[in-house]
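All remarks here apply to the structure that follows.
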Amino acid sequence: MRPRPSPARNPYWRFLVAGIRGQSAYPLATLAGLVANATFGLLKGGIMGAAVASSGGELAGYTAATMAAFVWLGQGMLGSVNLSGRSDLQTRIKSGDVAVDFLRPVSVQAAHILTDVGKGLFALLPRGLPSVVIGVLVSGMALPPDAAAYALGLASLVIGITVSHATMYALATSGFWLVETRGVSVLYMALSGFFTGLFTPIYLFPDWLLTLALLTPFPSMMQFPIDVLSGQVSGAAAWQHLGVQLVWLAVVLAVGHLTTRAGRRRLEVQGG
Amino acid sequence: MNVIKTEGLTRVFTGRPNRKDRFRRPRHVAVDRLDLIVEAGESVGYIGANGAGKSTTIKMLVGILVPTSGAVTTVGLHPLKQRRALARRIGVVFGQRSQLWWDLPVRESFSILAAIHSLPAADERTRTAELVEMLEMGEFLSTPVRQLSLGQRMRAEVAAALLHRPELVILDEPTIGLDVLSKQRLREFLVAQRREHGTTLLLTTHDMGDVERLCDRILVVDHGSLAFDGTLDGLARTVGARRELVVDLATASGDLVDLDGAEHVRSESDGLRQRLAFDPQRTTAARVLAAVSERVEVLDLSITEPDIEDVVREIYRATRR
Amino acid sequence: MAEPKRNRRLGRQRALPDGLRAYRAVLASRARSQASYRASFRMDLVGTVLVGLIEFSEVWVLYSATDQIGGFTLAQILLVFGLADLAFSLADLVAGHCDNLPVYVRAGTLDVFFLRPQPVLAQLITSDLSLRRLARCLVGATSLTVGLVLNDIDWSVGTVGLLVVALVCGFVIFTAQFVTAAGLQFFLINGSEMTNAFVYGGRYAATQPANVWPRGLLVVFGAVFPVAFAAYLPVSTLLGMPGLAGLPTWLGWCAPIAALWAVVVAGLCWRWGLRHYRGAGG
């Protein structure tokens, strides 16, 4: 029987850690991101708080405290999910470097997604946590009511980050067929922020727009984790959020898997 | 007139505090009390190891960097206070940084630069035509810069820096990465410019050929100060800037010692290949070859030029002693 | 040394027209080179408009879900959003690339600027003119126009004057923010994102009614980076709304003072940054 390799020898574990380490190399960049993040948070908190107040203390199910939680949890997640529409894979496909990735005896999809998730998880420490602390200090934002809510919230958060990077991965594989993927990136950037609940909670949307948003994986990236983490939904409803997130994760992973296979074949046929 | 004059020119860089000693910032003296005078019409080779302070000196000469102490004037101007006036009178080629507009045809870059340097339209036409002819740029004048080969781009860069007929031209590694033919063309052009316009040249290079063919004065810089200032002959006398004749012999033979004007360096492959050093000022390759042929049959031969790194190393060794 | 002195004076006399000639040449060439990448240019245009529309949608969603925020209805906020967004887009068109300073530094482009007889800042600003950003102006202009139609505005020379003053000053303020960012980025080569706080944060702030901000933000975006003068205060004056508590309604007319202040700050930051880059301390 072969001995079980230690985690340190597992390539996928190493991808995750490489992502984390890469991020920690730029402390000034991290601080810079936090300053920008906090400024936007204060502005957003001001306007959203005023919106709740002008609606008599309750707007689309949000109170002042849960709206503050929405704002600051969202700001905290910004460094962890991909809303820019750009990714390493995109550049590697364009430059042809992706051929090197295919030579390795590991899944290209898993390697890329795990590296990005690693980066995203690391960003929770210097960017996510401070955002939440600022939120608690300046706005009295709502926190999860009990330990179960924390656990469920964290699970939802990790799934959300993974959905985001898995979606971006699938999108980036379009580079196997398109010469120029910048248009795709811009489209993703514009839509993801709007439908993921970066600016306003999607529950403020008119019904038709809300339905449209729920037909995309975007709410699974930020809006749902925020809902669970802030205690806006709990119990069965929280489990339902997690279920929907997992379904979307499966969908985008499957799409990414198929496009990677097809892309690889295309690469082999054309000789890179 | 002194085209370049520095007095006690010094530049110190302070780095980040390191881990071991948090309260002391590491200091690096890039240029150390440099005194230098370059007269109009001179052609000066400024050489030294990587990190010896060449680029830092140039940056202070052209007004990009402020000296930590000491004084510098370039074409009689203060590089910082009179940067814009200075820019009209000097031309600079940084081997790695482009003056040209990446997306545009070469011709267009020239015309923008002409506007930048306020060349009258008629002047612009004649000067551009002159440069295009001398640097043989006609075939790629309408090509966007990004599509040029390295040799073509470098010629265009040099033309761009010389468009406004600067009295001082500073070239930082102008021939790096060029093929033999492109190097040759560029050197001939610079020699001609100097002859016709009396342009002063200051160039840094890693190529001994540049120094031999372009410079009548050589400065070797080591740790920010001058280790040598003199002519090529003087340099050769100091370090013995020698050429090597490498001969492949028909049969293995003993070391070729006691040849007239040449010195045996070493033998390889049991004496089938031998390296002989000679001083080109005192003898010629042909004479050395003749002397060798008298003793053994030569199948093949090559001549290697001295490496500038070796020359610099020799100078460093001689001065640090 | 008579020679250099004479030359310098000559240089100064000729600087303006020839300087302009140089800028025009650079800008014209930029425009031509962009139009030559036709396909990606068109895609950029569409993308830019889309981003603008999404930004507008946020405002629309928020004000549709409530009656008013900070005393502004959807129709009224269209004026604030339109004015601020148009001014920002115009500034972005002219100077938006300035806050990419680390890119210029790493590529060595900045060193090349030092070797030319024009001011470094002027060269930086004119080194790029991204035409696709022109499309960005459409969203703001449309919003402003619709806002002017929907609201009951007492048209007079004064109202027109106020709008023009606001637009020009907004443009100047945002351009100054880009230059301020560039100056500070000399110190923040690896942390240039920090300036996003007041450049893009400033844009976001300018589209909002300033009276909903906490006091700290009011100091930051009302005085230090005075974007409140770009749209909110002039529109409050225009509509005869109370504006900021305890301050007179005519405060909107003070936009030129705010613009002047922003320019002074930008000038100082740029000089400071340049000194740092040249290694003169600071």
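Labels A, B and C are assigned to the chains in the order they are written; within every chain, residues are numbered from 1.
The rule we apply is simple: a residue touches a chain if its C-beta (ideal position, glycine included) is under 8 Å from a C-beta of that chain, and two chains touch if they have at least 3 such contacts.
It should be emphasised that the depicted structure is a prediction, and the values quoted were computed from it without experimental measurement.
In terms of inter-chain touching, the protein chains here are arranged end to end in an open line.
Each chain gets a centre from its C-alpha atoms; the one nearest the centre of all protein C-alpha atoms is C.
Chain centres here are Cα means. That of chain A falls 31 Å from that of chain C. As a whole-number value, the distance joining the C-alpha centres of chain B and chain C reads 45 Å. Chain A and chain B have Cα centroids lying 53 Å from one another. Listed for chain C are no residues, as none touches two or more other chains.
Residues 26, 28-29, 31-33, 35-36, 38-40, 42-43, 46-51, 54-55, 59-60, 138, 180, 182-183, 186-187, 189-191, 193-194, 199-200, 204-206, 209 of chain A touch chain C in their complex.
For chain C in complex with chain A, the residues that touch the partner chain are 39-40, 43-44, 46-48, 50-51, 53-54, 57-58, 61-62, 64-70, 188, 190-194, 196-198, 200-201, 204-205, 208-209, 212-214, 216-217, 220.
Residue ranges of chain B in contact with chain C, taken from their complex: 11, 13, 59, 62-66, 68, 75-77, 80, 82-85, 87-90, 92, 94, 96-99, 101, 103-104, 108, 111-112, 115-118. Remark: chain C residues 1, 3-4, 7-8, 11, 14-15, 18, 21-22, 24-26, 29, 32-33, 36, 107-109, 111-112, 114-119, 275, 278-280 touch chain B in the complex.
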